[in-house]
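Two complexes, one shared chain (subunit A), two partners (subunit B, subunit C).
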Partner chain A sequence: MDMHLTLENFTKCIEDIVKISDLLMDGWILKEKQGVENGKYIVKRCTTQLTKPDDKDIKVLVTFEYHIAYQLSYGVPVICFKVWKHDGLLFSLEEYWEFNQDLKEHNMYDTLTQLDHPVLCQPFLTLHPCRTQEIIQPFLENSKNPVISWLSVVGLFVHLNLLEEYLKNC
Partner chain B sequence: MTQQLSYVQLSSSINPSFWNKFTELKLNLDKLDETQHSIWGYFSIILANKECTVPVLEVDSTSFNQKFNGQNIYLPFHGKLLNKNTIEKFKDCNKMDIINEEGKLLYQRIRNGCVLLDPSLLNCFLVLSFADLKKYHYYYWFAFPVPKDVVIEKNYSRLITEVFSKNEVNGEYDFLQGKNTSFIAFTLSRNGSSITCQQSIIYSLKLPQQEANDIWVGWEKNEREKMGPRLSNLKNTLDPYVIAENSVDLNLKLMKWRVLPDIDLEKIKSTKCLLLGSGTLGCSVARALLAWGVINITFVDNSTVSFSNPVRQSLFTYLDSVQAKPKSQAAAENLKIIFPGVVAITIALGFDTYLVMRHGFKDKNNMNTQSTPILHPEGIRSIKGTELGCYFCNDVTAPGNRMRPAFYKTSQNANNHDMDDGNQSILGLLPHSVRGFLSSFEHILPATQKYKHCVACSDIVLEEYNEKGMDFLLEVFNSSKHLEDITHLTEMFKETDFGDVMEFSDEDFQ
Partner chain C sequence: MANDREILREIWEGKLPVCFKLDSDEVTDFREPDPFYLMVPRLSYFPLVTDKVRKHFLKYVANDKQEQEMWLEYNGQPLKWHYPIGVLYDLLFGPEDVLPWNLTIHFEKFPETEIYKFSNKEMVESYFMACLKEADVLKHRGQVANKFDQFWSVNRKLMEVSAEHEHFKYIPFRCYIDDGYRQKLVKPLTSDGRKKNTARFDKRDVPWQKY
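Right, the complex of A and B next:
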């Protein structure tokens, strides 16, 4: 039988992430929308430089805002994000795709789509949750924190690097 | 050989939420004021990853908070947002003066010891902006003021680990206590998961002997590396429907702020309007309502769009008549397509004459009491606002060879109007009606009295409606004679030959 990550378990995982993050000053914060079943999610902002894979001279300084929330209908965690240039202009899905080196051989719309944030219900760029169950399945039994384990696999595709310290806790 | 130190400028980074919050503040609080806002900037205390070597100062929606409540990974920067209302003011204001003034303030704070109590005051910045809220264009220019021509010679600089042992450096950051050092540029960076200050640099510097400096520099370069403002164009990231809605709101707000500060726009917006008839009047009234921000309009009409309609009835097109669409449906559909624009005040267009007029105001409190007579100069008669006639009262005297009214708009005023005093309203002279005659190139401003047999505004009709309400309306809908019967017009018609005054409706031609 398929196991899956319960909302309770998810909430514990993200609370643990914030605890580790606080020690490391890594910037993850826990947010909660009142009156919503899956109201708890975590957010982190970070600034980085993106380089076009086919033209290394084109560099652009951007800020990412990552959200990790629980998607009730799929029963899995979701990573979604916004990314903007420093004049405040958001990247569209296509613009971001231009800078993504690691997903190039995949079909864009199969992997990355603009979906509503599971809690905020605003459009975010989202790693599509339909394959998440497949990825997270093996971690459910063996990892102390399946959300961290899953992030360590998929974060890379959306420029999210996890510090080693997190991996020691899963 | 000594080296000179040079400034490294911060790079500004704006969170999209910053402009959202600012727009909200501008629309709801500042309005037409060019209020200066204190804002917070966020500077990460930990050097970002290795690819990103530029020091970045962020602003977001929480920058407008009174208290700094950023995460502990950010250092506070004290900023000032100076917004200009026009692009000209934004361009023309003296950028040198602005930054010099800020610089002087900073210098003062250094001299009077304020910065010793709160060192974060040293971290200051300015944002000069112009927000074109109709286009969602935000022009902005950051400045990080520093004194000009201050020369600091560098004797030497060393990595911190050359002066202190690695063990000391990786300790609890108290290794500096009791040591005689020159200057330290304290830098935190990541080493694996942990944070280290190994990138910090110790300088031995020769400071200048210099008194107050009145010239300050530090305006940020734009993306083309030129001295000039940057532009955030958020228009393409917004839903055009939302932009349309907001633009209409903004137009009305500007009118409110500039001319009619007492108008309650929310009340208008939430008002639901039922329009009986979607003809010339119905169409035009609907457009006028839309322009004033009414968004709930219901049309009632039993006919279809005919070929003669579109030229006069502003909500229909030729295509609607080809498809013989029901008028109410076509009007509603087209209203959704239209962007509300001009507020026109026109009423009846004849062949070479026209008439523009407004309704009298019904004073509910004095409905039955005898109105007090107004004193008026000899040869001139005054009419009280409550006694003014409506369009239908004056129907008989409406422009000759008139086809149909092209637009009819009422303007209600809460005050009584004495026409002959040259009534002044907030928008200027407020005549009862304006009649124009093209043939003689003439304009007159007559005021006409209420007609006691009027089918629209006479007391008989109003009382009947007050009393019976919907039943009365049904009677009127069911019989075109009903209004004329109760106002005794039918009797009068019998006495007079009104054949000459009869008008054709375009339905009569079909």
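Right, the complex of A and C next:
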């Protein structure tokens, strides 16, 4: 029998992430949309420099806004994000691909794609949730916080690095 | 499924008359462009049917705007091209409005926080496949074109229940409300074990009322 991360468990996990983040001042914020079953999600903004993999001289300073929400149909957490350049314009999917070699070799439209935010129903760049169950499955029994464990695996693909403090709690 | 073939075909062939006009603020030519009329299928998506519309209006907008992505607006709202055309019409077309459906074309100020960019057809396909995949996960725990017959030869397989399970796991559906949509996990059986379909949904299945 497949084990799933339940919505209750997911909510507890993200609330714990926010607690750790508050101690570290790492910036994760809990948000909630009223009247929606899976309404709770967390958000973090951070600024980072991206380098083009095939031309190390091309660098660009960008701001990421990450959202972690619960995808009801797949029964898994989802990480989605927006990327702004400092002229205020959003990165398109293609522009983001240019700066991300890790995704280049896969079928990109299947891996990182534009999808609706599971709560806000607005377009976000999203790591497609169809493989998440495979990744998170082993953590469901062994991790105190499967969401952190899963993020430690997939975060790299989207330039999200977790501080060690989080990993001590999973 | 096959018994309803006539009805399914009627639905498949449903079309809407649409009149496209370029936003007058974006016209840079001294001539006003003629409106563009088109019969569009309800069961399609705007990026798949608006190539000719784009071509028609392109010569009337400023040169530096021509490369920009075209978007559609109705009554001040950008149309979410990733919703099927029929759904958009049912959501936005008011009882006082008259056909043809008058849509405004824009090349400037793409509302990128509200609608997807669609720089190519793969983007549309990718979104459609993602929806299909999600529905398949809901129905089958994830184990498993534009011509009516071709569509059904594939869709029949997607609509079959698998050998081990008598029913779909959940019924895949979305309720389009206001600005977005709501989803819920609903099993295809009633509490007393009878088969359930969307016609038998009750308040617990769709608790979102529109006031």
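By our rule, the second predicted complex is superposed on the first by the 170 of 170 C-alpha atoms of A that agree within 3 Å, B and C clash if a C-alpha of one lies under 4 Å from a C-alpha of the other, contacts with A are read in each partner's own complex, and residues count from 1 in each chain.
The rule is short, and it goes like this: contacts are C-beta pairs under 8 Å (C-beta built on N, C-alpha and C of every residue); 3 or more make two chains touch, one makes a residue touch a chain.
The model shown is predicted, which means the values in this text are computed figures rather than measured ones.
Three-chain overlay on subunit A, with subunit B and subunit C in a clash.
Of the two partner chains, subunit B is the only one that A:T47 touches; subunit C does not reach it.
Of the two partner chains placed by superposition, only subunit B is touched by A:E165; subunit C is not. Residue contacts after overlaying the shared chain place A:L115 against subunit C, while subunit B stays out of touching range. With both structures placed on the common chain, the touch criterion links A:N142 to neither subunit B nor subunit C. Applying the stated contact rule after C-alpha superposition, one finds that A:L90 touches each of subunit B and subunit C. When both complexes are overlaid on chain A, the residue A:S73 reaches subunit C alone and has no touch with subunit B.
By the document's definition of touching, of the two partners only subunit B reaches A:L24; subunit C does not. Once chain A of one complex is fitted onto chain A of the other, the partner contacts of A:H128 are limited to subunit C, with no touch recorded for subunit B.
By the document's definition of touching, neither partner reaches A:Q34: not subunit B, not subunit C. Put simply, of the subunit B stretches 76-84, 94-102, 202-210 or 238-246, the part that bumps into subunit C is 238-246. Taken together, the two complexes place residues 90 of subunit A in contact with subunit B and also with subunit C. Taken together, the subunit B residues at the contact with subunit A in this complex read 11-16, 18-19, 44, 46, 48-49, 51-52, 54, 56, 58, 71-73, 138, 190, 192-195, 223, 230-234, 237. Only residues 2, 35-37, 72-74, 90, 92-94, 109-110, 113-116, 120-123, 128, 130 of subunit A touch subunit C when the two sit together in their complex. Chain contact summary for the complex, subunit C toward subunit A: residues 82, 112-117, 119, 122-123, 125-127, 130, 133-134, 137-138, 141-142, 170, 172, 179-185, 208.
Residues of subunit A that touch subunit B in their complex: 24-25, 27, 29, 45-49, 51, 61, 63, 82, 84, 86-90, 161, 163-166.
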